[in-house]
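Scrolling down, you'll hit the structures one after another.
Heads up, the next two complexes both have subunit A, just with different partners, subunit B and then subunit C.
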Partner chain A sequence: MTRRRMFFKMLTYSLLRRRSRMTVALLSVAIGATVLLGMAAVSYDIPRQMGREFRSYGANMIFVASGEEALLRVDAAQRAAALIPPDELIGLTPYRYGIVRVNMQGYTAVGTDFDQAAKTSPYWSIAGEYPKAGGEILIGADVAEFTKLAPGSSMTVTGRAEDGTRFRLDAKISGTVRTGSVEDGFIFMPMPTLESLMGSSGVAEVVEVSIAADETELKRIVSEISREVPEISPRLVKRVTQSETTVLSKLQALVFLVSLVVLVLTMICVATTMMTVVLERRKEIGLKKALGADNRRIAAEFLGEGLFLGSAGGALGAVFGYMFAQAISMNVFGRAVTIDWRLPLLAVLISIAVTIAACLLPVRRAMDVEPALVLRGE
Partner chain B sequence: MNILELKNISMIYGSVRALDDVSLSVGQGEWLAIMGPSGSGKTTMMNIIGCMDRPTAGSVLLEGEELSGLSPSSLTAIRREKVGLIFQQFHLISYLTALENVMVAQYYHSMIDEREALGALERVGLKERAKHLPRQLSGGEQQRVCIARALINYPRLILADEPTGNLDEANEGIVMEIFRRLHGEGSTIIVVTHDPEVAEEAQRIVFLEHGRIANVVRRDA
Partner chain C sequence: MICRMLMGALLRQRGRVLTITLTMALGASLATAMLNVMMDIGDKVNQELKAYGANLSVVPKSVSLISDLYGASDDGAQENAAPEKYLAEDEIAKLKTIFWAFNIVDFTPYLQISAKVSGPSGTVEAQVWGAWFDKHLDTPTGESVDTGMVRMKSWWDIEGAWPARDDPSGAMIGASLASKLGVKQGDRISVAAGHLGEAVVSGVFHSGGSEDDDLFVPLPLAQEISGLRGLVSKIDVSALTTPENDLARRAAQDPNSLSRHEWDTWYCTAYISSIAYQIEEVISNARAKPVLQVAESEGAILQKTQLLMLLLTVLSLACSALAISNLVTASVMERSAEIGLLEAVGASASEVSFLVLAETMIATLAGGVAGYLAGRGFAQIIGHTVFGSAIAAKGLVPPLVALLVFAVTVAGSLPAIRLLASLRPAEVLHGR
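Moving on to the complex of A and B:
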């Protein structure tokens, strides 16, 4: 038998002889690691998960023409969009504005891409449907109320093109839109329709972009587009991005706090168990010291038990934590969580660190045991 | 030549003087018995001789090395190297076999040598019981394992605390025979005992009372 084998034999017997206590400590570490990994995985994935949820509040970036230009070119916007990682780009909607009249009343006509608008502005409440053909339009709720027109009705829109010639469009109202904002006073039509009325194409006043990313990533994208596509001035919609950042940071702080509390509870449970074990083994510790064991050896035996509890509990917790994170993600966000391979490893390492830290006071107590107590027959 | 010298040692716990200005020398190869009633200071003296405690005053020399100023870790090292302890209650580790209990002392001393540990058990007549757990051994056998464990690292001093206190007459005889043999081989033995028959085997008996040496009887004189 080697010294190492003797060490492991004593360690194994020590764990097995107090299996109920050790099981409680092991489960405590496992539960701690489960919550830690579950929370860390969700917290790590929250920006991705919540980012998509937040996209229902509208675009978080707009493109406008840089400098003194009033219009930006749509192909420049497409080049800028190519710089955004495809898995982060939710939608990109150009908007072009023109002045039109309906029954002598002036309105703002907006040409856009309705497929993209549905992605960047999913909060729009549509009665009827989006325009599908060139002769169809979508009117704001206020326009519908003022003109007393409803989906299915016809509307005549007149105005002047850029070259000053008059135009007239007899369109069918496919639906109405209500947002509670300025859109309620607009008349929306497909971009090609407005372009043909205005007599020019390929430009827009503004392009709204919806990107599933946190503020840091958005700032990086802004910086890259400004550098690579100078004719475009990308801007963050601060009311959206800052709300996202605030909510995410509060959520992550909550997750951190819960994890911290669970780790402290785990530490208390392990420390209590190990303290009880030290008290139960005082005579054995005294004997070993009487036989010549120094404090380093005594500490190694208890820390060895701590290492086992930490690594085994941590490994168990990593498995359960994965399942816990998936359960949270599926129930809260309705999709699977992506767990970085480093997180389970980190959970095991933190479990070991917490368990070893919890063992320090009991180990101190073990080192304080006097060898003389075996002579006193205590 | 003296292996152990206690010079004017005192041990004071609060207002209690457990040992009061005690001086004692133990020669190399000597068999000494310490007797005395409860509270006379026997255990305190055992702790000091066994390097498990330091006196409040006075000096302790083991093979010429001063112990009284050493740190607990240095005392542990000396105890490990030079002292073999035998306990009244055996103090075997219940989940280890007789052989492994002997090897535990090797484990804390230096290297584990199974053949040597088996040889130590053979010296106390327990080679055949090497693979038995303590609960499978009689009291006498457990005490012999305890003796084998004390001998395994070739201590300079064997310190026995009531070695026959928990044994019947037959086992007491076996253990004392082992002590006689060890003494014959030149081992230095200090036995603390209440039993006059055990004490009478020693060359010298020291009687303690109220922390002082009340009487010394030389049996080989």
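Moving on to the complex of A and C:
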């Protein structure tokens, strides 16, 4: 009992009396833990955060009708979409195509849901606005150039409905869209408008889906949808999914490697600080030995100090590390970071381990000293 | 005398000096590695993003909307098609002569024809593309380039293989067309559009896109079948670009709206719009359109990655600077007895500070140089492990690292020196 009291007393005094030196050591442990937790949290969170950014490439999954059917039912697509976890689903846009004529020139008319299209295809460059009312249309940049029509003017669209009757629509151009690919030659209109022209509703040629998930999760969703909603065949857009996987894995590997290098360096820094702290106390060790302390008691005392410094510095570092990761995440991605609760715990444990390991080496060397020599000042 | 004292101090306290040198070497190597990687990350990620395919598509100015939309026009029309609806194949090499030629990574011309394709289980009307699979090209500037679809369609899933270079009849067939025709690798198919041609299926691909219904044959074969000798209908270009800014956006609307100075800046920066403009300058009758799906997203992702690396670099540098100056402070403070002695024999505070600073500086500079070299090594390890290519050593890094080493040393020594200068010699020497 008294031994234990004495142990704690010595520990407390050693920490209190040598305040400035202990602050230095504590700070260096805290800095090490900050970098450790911050980097680990960032590299852990990168696939999720960057994955969101990669959604600017557009849809990574499309739904088409299975079998020989050309059109799929939109309500079936909605049922399929319900199988996708809601926080992963970014957008779901149906597209229906029809052929129309403007001044005897044939064009492809596309019916879609513009709110969703803005989510699945954020790269569309719109001059003017998306159509809001039923009579408004969005024309491709090439169509605008060919017809010499600008947003605000009107366009007469004619064609034949599915049952063969002719239709005519005087539409107002709300804007033009430029993508650099086929969309530049299309005429877009709200889905209900195209449906009323064509004379049938509730169907689409293709549904584009943008999902924030990695390839394995996407494959799981594909197999689940094809099992649960057999009339829909979901397909991955390989160009997008495959490239995203390669780029993301490289980015994560990069941040991971960088973190590792930073980690090793800060750990060495912590270790050198601890070594200097211990080495200067050779005299004290010599005195204790002269008074009859055995090696184990001395080692235990230093380990106790290491444990205290490691856990206090680690806890401090965990708080700062969280702020570090949060600052990066907010600045780069504009979203809060998610931290696995195990990471801070791990950071504290590693700090303790490193501090103790850093103490052990010089303590062992110090224990070999002859008390008489040290005390005489040699 | 100062020199002798310096030398003496450095030599006598080898252990302590070594600790400072080592710590600084570690810090400097971290700074070097991070800065090098950060400055090169844009190029590296840009290269990776090339997997998304072409970001520029070069088409003839007067391409008719009809054929773009339906892809199909009757065979007669192809025969007597006006040449201005096509681009000349022999002009393609000029892509490598523009100002940003170095940034043009890959390019492939395509000749689009619609043809009757026959296999064992029937004949279907399909899109046939004449293309370069794997092409060796000698440019007018004397460079030689290897490019083609092999490099630009890396996401395709292929059963079989790409046709060998200069194979006159090797073809790539989309998976759904292949199943309609009942062909597999090694089968012969015939293609008819005006003239009749024969191709051998070298590989079947799944792309997950509309190409799965198409057939790709070597460009000369497609030109022969369609009678469009020396012509192509579009060129896909994959270029390394700088993320767009306001200037680039204004220029994309109308390059003539810029002032002379702005125009120079725009022209000499690798914006997608300036590369497109330069392509239009060298290829006659062409219009270069940025493929926004790829171009815009590339810009967004590049910016995020660069910002991420920048922040990581700054924060980890700040942390290591703190840790190092912490250590420098600790090691300077240890020497209170010696300083006290110096002051007792009559040294002034400024002389002592100078001596301590000079000592620390020599130790840290040595560490900085060693660290810079080690950091170059770290950067290469990172480059090779992650991207499989070397990280370019940037000229800006050494001065930055030197500045950092200097600042950290001074900042780390200052509090300690202030403390030492205020010591009372007698007390210190007495051992309190």
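Convention: the second predicted complex is superposed on the first by the 261 of 378 C-alpha atoms of A that agree within 3 Å, B and C clash if a C-alpha of one lies under 4 Å from a C-alpha of the other, contacts with A are read in each partner's own complex, and residues count from 1 in each chain.
Basically, a contact is a pair of C-beta atoms (placed from the backbone, for glycine too) under 8 Å apart; a residue touches a chain by one contact, two chains touch by 3 or more.
Since this is a predicted model, take the numbers as computed values, not measurements.
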Quiz item: Regarding the shared-chain residue A:345, is it in contact with subunit B (first), subunit C (second), both, or neither?
Solution: neither
Quiz item: Does the superposition put A:370 against subunit B (first), subunit C (second), both, or neither?
Solution: first
Quiz prompt | Touched partner set for A:57, first subunit B, second subunit C, both or neither | solution = second
Exercise. For A:150, decide between first (touching subunit B), second (touching subunit C), both and neither.
Key: neither
Practice problem: Could you look at A:3 and tell me whether it touches subunit B, subunit C, both or neither (first, second, both, neither)? | Solution: first
Quiz item: Is A:283 touching the first partner subunit B, the second partner subunit C, both, or neither of them?
Solution: first
Exercise. Quick one: classify A:133 as touching subunit B (first), subunit C (second), both or neither.
Key: neither
Exercise. Give one of first, second, both or neither to describe whether A:291 is in contact with subunit B, with subunit C, with both, or with none.
Key: first
Exercise. Determine, for the superposed model, which of the two partners subunit B and subunit C contacts more residues of subunit A.
Key: C
Quiz prompt | subunit B-facing residues of subunit A, complex | solution = 1-3, 6-7, 9-10, 13, 17, 283-284, 287-295, 297, 370-372, 374-377
Self-check item: Footprint of subunit A on subunit B - complex, ascending
Solution: 43, 46-47, 50, 52-53, 73, 76-77, 79-81, 85, 87-89, 91, 93, 95-96, 100, 103-105, 107-109, 111-112, 114, 149, 153, 161
Quiz prompt | Footprint of subunit A on subunit C - complex, ascending | solution = 19, 22-23, 26-27, 29-30, 33-34, 37, 41, 45, 48-49, 51-53, 56-57, 65-66, 68-70, 155-157, 206-209, 289-297, 300-301, 304-305, 307-308, 311-312, 315-316, 319-320, 322-324, 326-327, 329-331, 333-334, 378, 381-382, 385-387
Self-check item: Of all residues in subunit A, those that touch subunit C in their complex
Solution: 20-21, 24, 27-28, 31-32, 34-35, 38-39, 42, 50, 53-54, 56-58, 105-108, 121-125, 142-143, 146, 178-182, 184-186, 235-240, 242-243, 246-247, 250-251, 253-255, 257-258, 261-262, 265-266, 268-270, 272-273, 275-277, 280, 324, 327-328, 331-333
